[in-house]
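Presented below are the structures under discussion, each in the form of structure tokens.
Two complexes are shown next, each including chain A; its partner changes from chain B in the first to chain C in the second.
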Partner chain A sequence: MRYVKLKKEKIKEFLLALQDYGELYAPIKVSEKYFDFRKITNEQVDEVVLDYNRTLRPPRRFFFPEKEVLFTFNSKKVEMYENKEAFTSEPVVLFGVHACDIVGLRIMDSRFIDDQPDPYYRARREKGIIIGISCLPDEYCFCNVRRAEFVDSGFDLFLSEVEDGYVIRVGSVKGHKIIDATENLYVEVTKKDSDDLTAFDVKKSKMFTVSGNWDSLRYTLELNDEHPVIWMRESEKCLGCGNCTITCPTCRCYDVKDYPNLDGETGVRVRIWDSCQFREHGLVAGGHNFRPTKESRFKNRYMCKNAYCKEVTTAYCVGCGRCTYFCPAGINYKQNLIEIRGGI
Partner chain B sequence: MTMKTTIIPEDQKIEIKEEIKRKPTIGVYALTSCYGCQLKIATVSKIIEIADSVDIESFYMLSSASSMHKKVDIAFVEGSVSTKKDLEELLEIRKNSKTLVGVGACALQGGVQSWNHGDKNYKDLFENVYGKSKIEISEAIEAKPIEEYVKVDFRLPGCPPEEEEIIYFISTFLFGSWPEEKDYPVCQECRFAGNICLLIEKNEPCLGSITTAGCNARCISYNVPCIGCRGPVPNDVAWFDSLAKVFVEKGFTEEYIRERMKIFGSHHPKLEELLTKVFGGEKK
Partner chain C sequence: MTEELHRRYIPDGQDNLYDTHKCRVLRVYKQTEMDKVFLFRFIDQEVGKNWKFKPGQFVEVSLPGIGEVPISICSSAMRIGFFQLCIRKAGRVTTKIHELKPGDIVGIRGPYGNGFPMEKFFGRNLLLVAAGLGMAPLRSVFLYAIDNRWRFGDITIINSAKYENELLFARELEAMRDIAEAENIQIIQTVTREDSPNRLKGRASEHLDKVMIDPKNSTVALCGPPRMYKSMFEKLVEMNYDPRRIFVTLERRMKCGIGKCGHCNLGNSTSWKYACIDGPVFDYYDIISTPGMLE
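Right, the complex of A and B next:
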């Protein structure tokens, strides 16, 4: 792999240079507690936060938007017209993506590119640029037990913090081109930097509050289906607001709706993020509902995130901590998983 | 595969054609309300397009030629039933309309005039407000949602409803379809909008999680916690109990929580039952 080093004082120049590659989005502080990926203009590069905990909205929204027009239609002519926006839009340059979120995007890819290729998602993803950044965990994080605390791929560039700057790993051809075009920003990586990277890793691994590997949750949940105390007790607290799924970096469910125009003939078909925590998610024609109770909907998320993955080598949960951090009812997903595992 | 065709007799064919050619007729009516829903409908940006697509038989705010005795395909009714006259008019509108759409918080939830529902004897409440004076036009009765008296086919919530939804309702009718009910909360649209959560971060008594979506989290986007004007999420997924527990943890009193949830939810059949789960039997 190719490595270069970016000194801390050059970060601003680096961010300005990224503007040439598309629409730049990066984490900024949006309130006392929260961060969010927002569009960054040249004047705003100073606002970019490099050591944020987690963003309110997950990175998937840049490739799989909350609401998206799939096509417009004319029911009289029986014709439909593809929405070309995904193919013509500016590429998204997403700066400051944590390793867990990069794994999250790979999980999204597994369903939207590998499985049933979705042209809109693929177009945005292929032209998009992902620039990762190293991070230290807080008490909500458990990416280590989800094997998502480090990534070897899924990014164009990855910035790992060292004492006086960032060691940049180059992960793609696009990444090489960016580095080539901005060569004057970088210096050689030294032995000291390499030692710093190891020290960062050691420090990071000591900060996690859980250790080991939680892949066995699949067995616990699938083979030992009954955890009635948890489902009942915790779903009682649940507001059914859907925050956990909307902020999740790997939720893929969507609903499709038609919005006709006033001419009675034409209209648009829109896809919109859905949530398994909503009643309508399990509702099918004829009025049957696969998940008629709050408890069954609550349980579904735990099952999906821990036991339903068949496409990639990790669970659908990457341990980012958003569903706990952004739960208005204070439901602690991480703690509940520990309880399901029998306290370990 | 061959398509199965149905032969329509010549005489019926003409009748069907006429039916299709005719523009749908609509009426916009108001019972006891602020007339805000009518104002909203009258001022949507596509009102000219709407006026071209339908025949507006009645629209009380816009025309004195309006009448509830005319037959219409779709009736849009705002306002709560707060007088005997309201009730008579509502029954007449229902009788003359094929489809009835309840519009706004008053028609659907009884409005703020229902805030006290279940707390006070109506006679005492009336005396509190009007003293011994009498209302001449009609006898006042306790303010109730129209659904307590007639069948409501579709519910267009909001105080007032959103332009986007007004157009969506009329468009789906014109398309020969029907508007889909939203049974998920405001939180969904609030997260979509990238707002911070006022409940988590500012400990504000936000009702977004029990309130029907559709406003794109209008108030919260201006840092004002949701007051629930669009009414509790339908189909029994408004979790008053779970939210009340969160409010209690944040230091709000039972009285405050009940009052707040009742502003636009006093007629909800599950409200008291779910609050009782949290606060126990007797109301304080």
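Right, the complex of A and C next:
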């Protein structure tokens, strides 16, 4: 692997240089409490926040947009025309992605780029550039027990904080090309930087409120399928708004809808994010619902996030803490899992 | 739990997975008040020539402007060039499909799903149990078995519905009676909620004792509402049918058909399935090891 060091004062120049590679998105403060990835113009480079806690919307939205036109159609001719936007659009340069979100993207890849790859997702993902950044956890984070606090692939560049700058790990050919083109920005990595990195990791690992790993959580969850208290108590609080699934970096359910235009002939077929917390998610023809109660839908999310994964990591949950942080009902996902685990 | 059953089916010849092929409605047959059978043919003959499916697979029927619905194919997989879909008027899209007339065009993509592992059925007796709309996918299996009659042992089909006028393909099965007798095919038709002069009364599971075939060397294919499966399983296992050879098909709200949209996602840590690519046909052990399948 190739390492270079970026001094703190050069970060602005670095961001400006990144704009040559596509549309630059980076985390900025969007409200008193929340951050979000937004498009960065030359004037906004100063607003980029490097030590944000978590973004409101997950990075998957750049490759799997919340609302995407798949086809335009002509209903009289019964013809559909592929929407080329995903294939012709500018590449997305996503700056400042945390390790857990990069793992989240890899989980998305495992579902969307499998033996029957989704053409729209793949087109966007293949040209996109991911630039990660190291972070320190807050009380909502539990990526360490999900083994998502560190990544060694899935990014083009990864910035790890050291005392007076960032050590950049190069993770792909695209990353090499960016470094080659902007070589004058960097300095050599020293022994001190290497030590700083280790110190940062030690500091980080001490900041987590949970430790060990939760690989066995899937079995604990299954054994507590009939937990006397937790499911009823927590799902009773749930508003069924679907915020947890919208902000989740690995949720990928979608619905397909046709929107006709007023001329009665043309229109668009779009896919929009769906949520398993909605009543319609398990509904089939004839009115039967496979998840009729709020409790069953609530439980389904816990199972899907913790027990269904076969690829990349041991769970589809990466421990980013978004579903707790953004829950309007104050349901504490992390605390509930700890409770199911017996308080550990 | 065989490799073949879980082999993921990949349709080829499509640039965009979500793109459809145009099909023309050739005939519309009214089955019951709510169900119609549509006969489709691909407009592009090249596509039609190469388009094959397995019994139990489904297609996504697309009406631009209205939406898409997953519908299982009900014609014989041996007869190439056209296919039939039995569609119940249940929702927005199917109501619109019911308005189609011969000559109208729809978009079709698929076939999707694993389908019944028919090669596993060869050389064995076959018991088919359908309840309500479940007759549609099982008709595909039934016709396939008739077209390959020499590959199968004795065949019994139980067709059940709530009311006499909801019994799907009843007249077709009736018309087969003479041939069926000559070919060792037993046809049982039953209605659960009314007394009908020429039908048996009661649920399909209540008529299992009338089935002529030998349970030992049999395969069973079930299709109906999830509630029926539970009672059938108990009965069938009790009657010494081999659990490994009991297959069911499931229904979910599949939006994509290729394991992306997440609506048919079910299971637990050891058995995690997408009904559209790992199913919709599952065997008995899949069903008992995967919670949520029958709920």
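Things to note:
Basically, the second predicted complex is superposed on the first by the 340 of 344 C-alpha atoms of A that agree within 3 Å, B and C clash if a C-alpha of one lies under 4 Å from a C-alpha of the other, contacts with A are read in each partner's own complex, and residues count from 1 in each chain.
Keep this in mind: a residue touches a chain if its C-beta (ideal position, glycine included) is under 8 Å from a C-beta of that chain, and two chains touch if they have at least 3 such contacts.
Quick caveat: nothing in here was measured; it's all calculated off a predicted structure.
Once chain A of one complex is fitted onto chain A of the other, the partner contacts of A:66 are limited to chain B, with no touch recorded for chain C.
When the shared chain is aligned, no partner comes close enough to touch A:301: not chain B, not chain C.
In the superposition on chain A, A:257 makes contact with both chain B and chain C. Applying the stated contact rule after C-alpha superposition, one finds that A:124 touches neither chain B nor chain C. Within the superposed three-chain model, A:267 lies in touch with chain B and with chain C [touch as defined at top]. In the superposition on chain A, A:247 contacts chain B only, with no contact to chain C. In the superposition on chain A, contact is made by A:290 with chain C only, not with chain B. In the superposed model, A:57 lies in contact with chain B only, and not with chain C. Of the residues of chain A, those at positions 75, 257-258, 260, 267 touch chain B in one of the two structures and chain C in the other. Those residues of chain C whose C-beta lies close enough to touch chain A in the complex are 8, 10, 15-20, 22, 62-69, 88, 90-91, 94, 105-107, 225-226, 251-253, 255-256, 258-263, 265-269, 272, 291-292, 295. In the complex of the two chains, the chain B residues touching chain A come out as 46, 49-50, 53, 167-168, 170-172, 174-177, 180, 183-185, 187-188, 191-192, 194, 196-197, 199-201, 208-210, 233, 235, 237, 239, 241-243, 245-246, 249.
On chain A, the positions that touch chain C within their shared complex are 70-71, 73-75, 78-80, 82, 111-112, 114-119, 218-219, 221-222, 225, 252-258, 260, 267, 269, 271, 274, 276, 281-286, 288, 290-291, 296, 303-304, 307-308, 310.
Residues of chain A touching chain B in their complex: 30-34, 36, 38, 56-57, 66-67, 75, 236-243, 246-247, 257-265, 267, 273, 275, 278-280, 294, 326-330.
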